[in-house]
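Consider the two complexes below, in which chain A is the common component and chain B and chain C are the respective partners.
== the complex of A and B ==
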């Protein structure tokens, strides 16, 4: 049996100013019709480059070598540029990460779909339109006919990704490559798109390659997976074998660094792979993972390591045998499952350290030069108390107002209603100095939140200088201490941010936030820009620092796995309002609001073959300028009744630690 | 779309009114208009006589609304200097200037867009370097000097083109080229940057993944997006061209509106200057409305709903 797509020993070499760089080396895999291959890896692992090589879309000056690179009976390696153009969009289709920017903004959906069929199949416009309508209906888009004349900006992100999928099906491709197809989408939309892809693939008997950094996504939709690291496939095999019995220390480490409930108690130290993903410019002598590996061995640097068979189609790239690798020696540093005491002992009767009282923030939004400004209620009447030692997570999809709430609590955004109280005083009356002594923040993007023109040392020392703490020598000593504490080598003092990796920069941001000994740190998506293996390091660090320094965190995030692991209390927001608040354990074990339930259901833990639970919220996230009447969630709620359309529910106390705003609960309580 | 155009027109009228007010105030308040018209050596009596004769003795607002009334009825008064209706002067001189502006615009668009696109296809390639050097040179060289050099080179040393007058289209080649190249650098750079950005965008990657050939991608998917910011710059450039015609027309002895403006300023011919400023402003306003409409046609996101 020969597979539809066969890739054997493929290498991709990029030409750079400073010489050649091998971005992908000796990658082999096959995918057959009806089969799904998941490629998982961190940034720079070569997973996207591999897919672009198959498409023949790598930039000029890039060289692709392989012993075999074949789709059906076409040799992709020797095919001319013209033959490749005839394959693309026709036999091989590709779906990209960013649905917001991957469609041409100046042409209608209809034109972009029909032109693809007309290009390859030479059909009439009417035939292509008919096919486009069929496919739009197939991907679950209503009023398909009228959608054809719409432009991309008139559609939501989820709809655009559906259009993208429908478009790529126009010519009945044999192979679809989906590169991070759901990474840019909200979690509740992710499930819909993944299920759609899987259903279509089965129905149309297509070969599918899903590329993702997210082990949960890959585990649930793939038949087999390839784990990539530094340009190589480091482990491959049937998905259940690789995930249940990983051989390679990197795969083992990757799986253990993901917080999975049931395997690790909240607040426990996640397993983490030390160090950083190596630059591909490195001249590798032997195993590319050796410098981060706990099982490092004399033979690791004795030349390139070949892929070894581990039985039943599983293969791995390591000098040790599967038996040696599975002997139970920890593949990771310092994993501590925790003792269940996390989050206990917080005095909930103490006076709050930070408090929002009926706080609201309304922006006046003008949609055109002449139209009157309309109010946008980013945050609508929220009350929230933070007590010392708490880790309060605010969760919700993009547009729910969680970042505006964070900015208000930081004193960076003046509330238009209610007030923010920091340590018993109205934050509006505090100076920047008074505020920043108690309250600090860490942001999502460590690439843009550090001043590129200051050295690491200056960045961290700056708050001390501004607050006039100690003399230069004392300041320098403090900087050294905190740098050591957050795991930055002292030699970085004179480096600039661009010389550091994402994880290291986030450590700098943490050091800067903590150098003044603040009471509260607001962390806005602190790990979502980081690679999985680095995310665990940062989460562990945040947890240790909290315990040592008695910090209180406000965590803004969309990642429910992170929330379950480090939050002590969770606030669920929807369209500027709080729909549910509870301690973490209660919220995850007994969610009451339909929206919370949907959010939790959409979390994808890496369970092989478990499929993707369908979360059907029907319509897209509403536009905050025209919020629905009554309970703003009602158009997406399967339980909605007449009262939900008419009246907004209020937060009802279900227990001392659990409140939710839903009419069904009100009836229950009455 | 109709609502969009009407809104732009209303805004345009408001701008036109403001411009006419500003022009009127500048010409009448900067110096005593009567003594300007009378000339340097005029006696006090002569000045006073002119003041009464031309009506400068009446209050400012009366004269302003009188002028507005003239504008609306299409009667622009008589020129003090040429002793004929300003409107006739305008009709007489406008074709030369409009031909010059249209020709210069063609040069700008053809050279600017072509070089910009070619430069963007291979950033840092030899074409790109050539285009950028050309752009820098064209920006650094003063317009009038370039005109004179061309006259010496192509009019005198190698007499290919006539160098003064406006009787044949050959007369317009050099002035259009001189005036046109002055705006090339800006259009070129904008096209280049826009094109590089568009070619690196996600939707161009999608077009490649759909199997389009490079040429199809360039013309079908990239150009329209790259043109968006250029349209508004070109509209502004036409305005500069009209202003620039004052110098170019002098260098090439073209009898157009630019020359007329130059002469009427020297002759303190207030009605003519006033009319010319208003006319240029009006052309500018109409062009920017056209630019907005063109942009809205090119880019669905600009259409206000």
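== the complex of A and C ==
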């Protein structure tokens, strides 16, 4: 019996102004009904291009070659544009990353769902509507009938992704390609969507391809896995074999560079793969990973490397044998692996350097042109101390107010209640200059945090210029020193940000933040826009610099694995309030608030076949403009009782380092 | 060691170690559009400034005996009047050369004035938002609702017509597109992280506006400038045609087209020649604008 989808030696060539670029080379895989293939890789590895090639959605001027590219008994390579259009509606369905933009905002859900089916299957409107209602119920949407007349903007991100999935099922596809289906969703919603996809796939016997940069997602839902690097599949096989016994040095390094809760001692260095993902415009002679590989030797550049069998369906692309590759040589560079001593010897004293005292921030939001403005409490009465040398992490899902809190602490957003104290003085009374000498920030998106019109040198030198530190030659010398410290070559001085990769840009942002020798650095999601192997490099750099310069960090993030790795204390936020505060070890070993427990449960470590833990948080994240009464978490809490609906809990001390706000704990203590 | 050597070699391929100025010069040398645009604009400007040196005749002297002499390439043309003469027997080439003074002066002057007004209002409105933005948008709506040609006529009529008046009046009436473009982009850029980053390193509003935001609007402003310049030159022609612009016998390309309108079907060269000059100037300004954009933009366009 042959597989449903068969891809053999597929290459995709894009035409660029300066010549051709092979985005995907010699990719082969098969997927059968009821089977899940996970494709994992960093940005630019060619994983999305491969799926677009199967769908026939690549732009004109792109050439797809393959020895076999077949779905069922249809040859996708020779199919005409009309045939492909019919295939796309009926047999292959694709779920995109961004549920906000993949639904058309001007049509109702019902119209978008039924249109496709009426077009392809020629059924009546009523039949199509009945099926739409049926499927919406199947994907777990309540009051499905009434949803059909709603517009996409009326639904939350998680619901939209469910609608997207239901829509794709309308015509009974045989193959579903999900391209980063949960990347844009909150962690607590991610588990629900993954479980839903998995259940539906089993029930309807569909072939599923999941494409993701997240090893955790791929490991837990796939049967087979293909690891892509620079346009090639460099390792493939059954998911448990590949993840438990990776052969290729890249796979080994990738797995080691993921922070796994409970495995690394806090403050220790993460393993990281040195260097950068190569540009696909590079002319490769041999192995594409060679310049980052710790086992590189002369044979690597002797010509293209073919996939080698490693037994039980596992294959890899390397010149060495599996035995040689599994000899225990570390796959990470010595410098980047560190000695795990970053956290030690840092003097943490008890004096707070930055404090929020009953700070709150309320925005007035107008929903329509004529409706009265409503208050939106982005941050509600938060008190927080940041002591010298600490790394405090503020975690929570999008919309919990963590970014507003960060902006308030940075002095960029004036609190509407309470105050922020920096080094004993109210931050509102400090000038921009005084404030910025002590307090600096690193932003989330290295693509928008650097002015595209300024060179790297100008960007890093700017704070010195603004503060009038030294003359131009001295400033230039300082810039050179710090560029070297953060690992940027001097030659970047005259480059523009667009010539740098994401990780390099983030290094520039770090250099800019540190050049004034601040005491405190606020890091707003410093690694969430970066690739896994680069994320580890940046986290290590932050830890090293903290030890060297005696910095205090406030880390804003949603990634629990990163938190456990670098934070000393954790603050969990929900809808503008703090629900739990504890030192990192306590929080991870003994979480008390139901929301913290759910957050911890939703961390997906790369454990093959472990399945996705069901995080039962019921409804979606509430709209902050209409927060629920009492404890704002009660509609999603399985332990909620009457008191939770009536009265908001306050933060109770469970120990000197652990506080939580929950009525259940109050009862326990009483 | 080999890995580092490889990495360094790979980097050296990607990164050219040139200062921004050197890179700009290098790009300018290989940008044909920029070179052509700059050549035409600069030559036109030189011709306009040194008009008396270039003009073969006095542009105001009428010679009714030699009216409507065709250009040299047509039947009956002569080298004495290379581009022929107009309906009053004035040398057309000389008028074209002197006309460049008015057309280019008004075009650049009014477009620059409008640019300064529009960009200022747009920057302030977009950056501050709120009531300032509402007020600016109201002003824009009012301006768009008024028939600008009529308003220009009225203003010129009251103040009295001269080239300076034309520049001021047309400039004051042509700021809307700059404002709309600047305001929208400023609003977008204001929410980007590099503006937050600039504030967190201690920049004040003025530094954010001029160092972070304004340079990023340059591309779009140049495009609007080259379009507006063409519009302003045409508007000057309309005003002159209606009798409130440049007063005869002063020459301007717009006025030349206007005067020749009645003879368009019998002596087409009277319209075609100043029209071609206008076309060439507007084209050159557009090419120059695009060229400057390509050369100064950090991203390499292909």
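Criterion: the second predicted complex is superposed on the first by the 654 of 670 C-alpha atoms of A that agree within 3 Å, B and C clash if a C-alpha of one lies under 4 Å from a C-alpha of the other, contacts with A are read in each partner's own complex, and residues count from 1 in each chain.
Quick note on the criterion: a contact is a pair of C-beta atoms (placed from the backbone, for glycine too) under 8 Å apart; a residue touches a chain by one contact, two chains touch by 3 or more.
Keep in mind it's a predicted model, so treat the numbers as computed, not measured.
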| item | value |
| --- | --- |
| Clash or fit, chain B versus chain C on superposed chain A | fit |
| Most chain A residues touched (candidates chain B, chain C) | C |
| Partner chain in contact with A:105 - chain B first, chain C second, else both or neither | first |
| First (chain B), second (chain C), both or neither touched by A:512 | second |
| Which superposed partner A:402 touches (first chain B, second chain C, both, neither) | neither |
| Which of chain B and chain C A:86 touches, first, second, both or neither | first |
| Chain B, chain C and vertex chain A (Cα centres) - angle in steps of 10° | 30 |
| Chain B versus chain C as contact partner of A:498, first or second or both or neither | second |
| Lowest inter-chain C-alpha distance for chain C and chain B in the superposed arrangement, angstrom | 5 |
| Partner chain A, residues of chain C touching it in the complex | 2-3, 6-7, 10-15, 17-20, 23, 192-194, 196-204, 207, 211-212, 215-216, 218, 298-299, 302 |
| Contacting residues of chain A [partner chain B, same complex] | 55, 57, 82, 85-90, 93-94, 96, 98, 101-106, 108, 115-116, 119-120, 151, 153, 164, 167, 367-371 |
| Touching residues on chain A, where the partner in the complex is chain C | 16-18, 274-276, 278-279, 282, 290-294, 296, 407, 410-412, 432-433, 435-437, 439-441, 443-445, 448-455, 462-463, 466-467, 489, 491-492, 494-499, 509, 512-513, 516 |
| Touch list for chain B against partner chain A, complex | 7, 201-203, 205-213, 220-221, 224-225, 298-301, 304 |
